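See the structures that follow.
Next come two complexes, and both contain chain A; in the first it sits with chain B, in the second with chain C.
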Partner chain A sequence: MRPSRIYPSPGEGPAASAELPGAVPGGRALPRLDREARLALLLVGPSLAVLLAVSTVPLLVLLGASLFRIELTRPWVGGFVGVANYAAMLEDVRFWHSLQVTAVYTLTSVALQLLLGLAFALALSAVVRGQGLLRVAVLLPMILTPVVVGLVWRTLLLTPRYGLLDYLSILLGLGSHSWLGDPRLALGAVIVMHTWQWTPFVFLVLAAALAALPVEPYEAALVDGATPWQRFRFLTLPLLRPAIVTVVVIRLIIALRAFDAIYAATGGGPGTATEILNLYAYRVAFNSLNLGYGAALTTALLLFTLGATVVFGRVRGAVEASP
Partner chain B sequence: MSCATVTSLRALPRVAAMLVAVAVWVVPVLWVVATSLKPRTDIFTLPPRLWFTPTFEHYRVALGTADILRGLSNSALVATLTMLLTLLISIPAGYAYARLRFPYREPLFFYTLFTQMAPPVGFLIPFFLAFSRLRLLDTHAGIVLIYLSMSVPFAVWLMTTYFLDVPRELEEAALVDGCSRGRALVRVVLPQVYGGVAVTAVLSFINAWNEFIYASVLTGARVRMAPVAIFGFLTTEETLWGPFAATAVLIMGPVVVLALLAQRQIVRGLTLGAFR
Partner chain C sequence: MERLTRREMLRLTAGGIAAWTLGAPRWSWSAPASDPYAAARIDWRQLAGERIHILVTPAHYFTKFRAITPEFTRLTGIEVTFEVIPPREMREKAVLDLSARTGNYASHTADPMYLPLYAVNNWVEPLDLFLNDHKLTDRAWFDLEDIVPLWRRHNTVRGRLWGMPVEGEVTIHIYRKDVYDQLGLRPPETLDELRETARRAHAPARNLYGLALRGFRGAGQNMYIWPSLFRAYGGQWFDHAGRPTVNSEAGVRALEYYVSVLREFAPRGVENWNWPEIMEAFAAGTVVQYIDANSTASVIENPAKSKVAGKIGYQRWPKGPTGKRVTSIWNWAMPVNAALPARKKQATWLYIQWLASRPTQLRSATFKEAPDAVVRTGVNRMSIWRDPDYRRVIAFTPDYADVVLTSLREDTDADWRPRIPEWPEIGEVMAIAIQEALVGRKTPKQALDDANAELRRVLRR
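Up next, the complex of A and B:
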């Protein structure tokens, strides 16, 4: 379990990639190709060495750690435990709860992002003036420091009575609420926050896709006297389908990685109301210092993300292949 | 009803949507800026006071806090180093994937992309275990190394797409003229992808500057980064909104400036994945 190569020394890169099977195709290859291949391996070598060291080796260490009992508060109880951590996980009510929260959080926020992003893209597709301002406006939430965004929502926007959004809620007659402190409201509040952050992404992709749609079908539809709704339902929507599927796939995969903003806003609380699987694993590993069990939870998280990526990739491929 | 009225009426929902979009995404940010400039007594007045005498008091407090000042300079150093190393590693790799034939090219490219799928929380435990043995906890080298795991896959992929857009003829002409491949790359091809290099630089800087999870666990008092240090104003005993807002502006300011400078390219870089 000792990660021996976490720190690539200079010169290790090319050497590491020269060991790849097939890197030296023997005397069969033409001298020119051979030189090209060697140059290529020299150029990609450093990137492969870095990724091997900081991404593949750590994953193997993670898998290993999930089979051990590692509790920093009780260092004397260590040792190999096999799949005991995974067995414990299946009986862990909090694990199942965090899966449920992750599903609600991910699916709801991506659905909202798609609806709002599509609506904005359709409404703003023909606006000529102010595109520059609009681009800056929608760029902001995506690039701002996520953890600071979470803290700003927690304080300046959602604090009862003094937060801007709570003030709006009072003005609208909905009253003042402890948005992040009330277990019934907290999950909804962080979903709204995530939607605020990432609707612009959906908007930008769909706006670009809309701009690239062919004009002819619309001209034909106008001649045939199609209503705006018919044009949307039978032309725009089918034509946008590949872009919509792609954007949903990307958003779902990235939403599964969400951590910073929700950590800053609620830390998973109140209680476990907003505790997505990411946050639960983090809390187990670095608040309870139970690294072995935390490793098992993050391995489960990795498998979910991997599964989702493969499944979504298939869906995307199928949609793109269909006429 | 005249034709002109019809169009202007039709435009109404669009203009409204535009205003709503700008308000929804810009007002909260302006709100932070306004709070950072409000005198302490005006921050909690309701209804919110829109006219106030701006003060830099909160910035003075924020920058007078050792942790914040050190956090900002640590973040700047780490983000700059990450950006430079990322460029150094990913430009040659991107060129090779776009242009050269070599064994296992597709699987290696796929591997490069695939490494970024794993959620960062997954890497925390192995890095923590490894770094405590290698004495890399709370060091600049350690955190930069980890940030490469986030930025390199993305940067290699981005640079590859930019190199693919350069016409092959340019380079072949240079090769015919007797340039070596290396010389052709530096003199002929690289100037064609300056835009791509700029986007890669900006995005890898922003990613490292914004990063929080690794910074929160793998750095301590010495290499504390700005996004971790800002929590100091929001403890359970006291919430210092003024200095908090000022620090938020100091952290988000550089990102916003970079984004304004390269907005078109960043939009392309961020949404590229959806089109390839």
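Up next, the complex of A and C:
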């Protein structure tokens, strides 16, 4: 799965690199390699330049902006302030609050998606007929644009008295609630909304992984008289582990960057009850027009996402390394 | 179904085209005998061939403006294209365009509260540059003084006009006359009486709620209604040293009032309601009364869109404890982008002048851009408000026009909300505080204490 297993890395010595076509040891082969490298650079160059221009340059501009004081409401102040914007975060109650909301939102929704996605995948793997149709049906939420999801949930599903889910809640004797307006319920509601939309993704990956599992261990387990739970616990789960870790990493990154659905459903409210860090950074930059501080907040979010990715990357490495 | 022969089909088609061609002039606007624009002593065609791009919101009055803009192109030879985006996103796009000085949008429908920010950054041109240019403006014909004085004051920063009012509104108290009559209620004179009428008429079991006000968080949502309560309770935004004082006793009492009436008498979920939700609930007959823009009248009085058309009363805001009625102030202001080349600026000004002029305002007021089009209730000229023909069109009740005019004249001032460059952030901080109090996350006092501390941080005062 990892490139290093297919292509030898440079560190593996001359014997390994000799396997590369054209890379004969000795100085005479070098000019040819250079020529190829030049051609490769020529071919890749333009797209590389475009990539740098649209991804790396804005990132550098963002990092730079986070070190300046740029407030459009006060054009007369400004200038280089070093890490002052980052220091300001330490005292910013709203920042810490948004961080907390982000953590709860991300961890809860990813955990729920994993549980539900795995359950669906297992349940569906037992279904023999109509699997294709079921899969399409399950995938529908993921195909919708997050803004549309936010609006649909806000209006059709959660509107007090008229929304479908509120109606169900009344039928179940739980009463009518302002799901997106009650600070105790709003965060839960957007977590459920996010889970509804992204569980299909988890399901898709895990269902594919399940279908690719080898049958032999299961036959052996059956012969040994293993119970279904034992087969799940000691066979399916360990075999699925790489897929689970991968899907969790991808979901974490996307959940940390969530924006559109919450923006459309609650706008971060009531008050700041559902204001995740991304939304707060956006408000600081584009609403309060404090671009320097907004850039610093965005950089912080970037670092958190990067941190999560690195941590899970390590976990994944460990998982793959284990027999 | 009978089958048509080819010949019959051709005949029908030809007849249809003929009918459409003959009928067309009746649908389109026909110019009055004497061209009102010819009376202006300027050369309308001096910038023929220019093209300008304008950012507007999807509101019905801009739909009308857009629909009649081809007339402007015929008059001047200037081509106008539009980009239509909802208000919040429109504002962000405008600010991005202005701050980056890209000059994409020659003009846009600006929020007057943003004009101090525009002015301090020199993002837009002061309009007197164009108003005082005899080549570009016939002052006598344009008659700036006829434009609603309060709106002009609202768009004036440091003594100069930065955006031309092309449409506006005030907030008024709108109530179900039939419910009032049934219960023997009198229209409330004070905010306390308003609470009493809400209490008497509140019947959630029959799906009828006592009162609704904007609850959604936003500088243009809950911070568009609550400031009237704040001022009617005697609240001041700043003290003599310019320090924020929103957590004064008056402020706390105003927020307590807002929170208690909405929690007791508004439909569940009101904390996420902006004016469309309120208007729709009222039109569906589930809300007894609300205080919001007078422009909602043209929808709730439209029998095709409202169950309660013809059963509605209008009056000015009830008085607060200070004895003052305080309404909101709002208009759509059109500025000239300073990042444009000189000729485009002039072309933009010609368009703004044309749009804000009496003939265009009058014609667009009743222009039917669609079969179910509503009437404009926010024309920018006092002379039109006094015009009997126009008053007949908006006579939803005999005194509707007077309620609006009196509110505009007596019930507010230009500094109803703090007009300073930092407004976007102030509006946001206050909007969050108001909503947090409404949903019970904080008490009104807590919410305002926190907001005041936050405002001091924002303003460094």
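Observations on the structure shown:
Convention: the second predicted complex is superposed on the first by the 285 of 323 C-alpha atoms of A that agree within 3 Å, B and C clash if a C-alpha of one lies under 4 Å from a C-alpha of the other, contacts with A are read in each partner's own complex, and residues count from 1 in each chain.
Note that in this section a contact is a pair of C-beta atoms (placed from the backbone, for glycine too) under 8 Å apart; a residue touches a chain by one contact, two chains touch by 3 or more.
Since the structure is predicted, the reported quantities are computational estimates derived from the model, not experimental observations.
Between chain B and chain C, B contacts the larger number of chain A residues. Legend: residue contacts after superposition of the two complexes on their common chain; A:L90 is shown touching neither chain B nor chain C. In the superposed pair of complexes, A:L172 makes contact with neither chain B nor chain C.
Of the two partner chains, neither chain B nor chain C is touched by A:A211. Residue contacts after overlaying the shared chain place A:P75 against chain C, while chain B stays out of touching range. In the superposed model, A:L134 makes contact with chain B only, not with chain C. In the overlay built on the shared chain, the residue A:R161 is in contact with chain B and with chain C. Touch criterion met: A:L256 reaches chain B, while chain C stays clear of it. Once the two complexes are overlaid on the shared chain, A:S288 sits against chain C while remaining clear of chain B. By the document's definition of touching, of the two partners only chain B reaches A:T309; chain C does not. In the superposition on chain A, the residues of chain A touched by chain B in one structure and by chain C in the other are 154, 161, 286. Within the complex formed with chain C, the chain A residues making contact are 72-75, 154, 159-161, 176-178, 180-183, 266-273, 283, 286-290.
Per the touch definition, chain B reaches chain A in the complex via residues 13-15, 17-18, 21-22, 24-29, 31-32, 35, 43-44, 46-48, 88-90, 92-93, 95-97, 100-105, 108, 111-112, 115, 117-131, 133-134, 136, 145-146, 148-149, 152-153, 156, 181, 206, 209-210, 212-213, 217, 227, 230-231, 234, 239, 241, 244-245, 248, 251-252, 255-256, 259-260, 263-264, 266-267, 270-271, 273-275. Residue ranges on chain A touching chain B, taken from their complex, read 1-3, 6-7, 20, 22-23, 25, 33, 36-37, 39-44, 46-48, 50-51, 53-59, 61-62, 65, 70, 119-120, 123-124, 126-127, 130, 132-148, 151-152, 154-157, 161-162, 164, 167, 196, 200-201, 203-205, 208, 243, 246-247, 250, 253, 256-257, 259-260, 263-264, 278, 281-282, 285-286, 291, 294-295, 298-299, 301-302, 305-306, 309. Those residues of chain C that touch chain A in the shared complex are 92, 95-96, 99, 117, 120-121, 215-218, 267-272, 421-425, 428, 432, 435-436, 438-442, 458.
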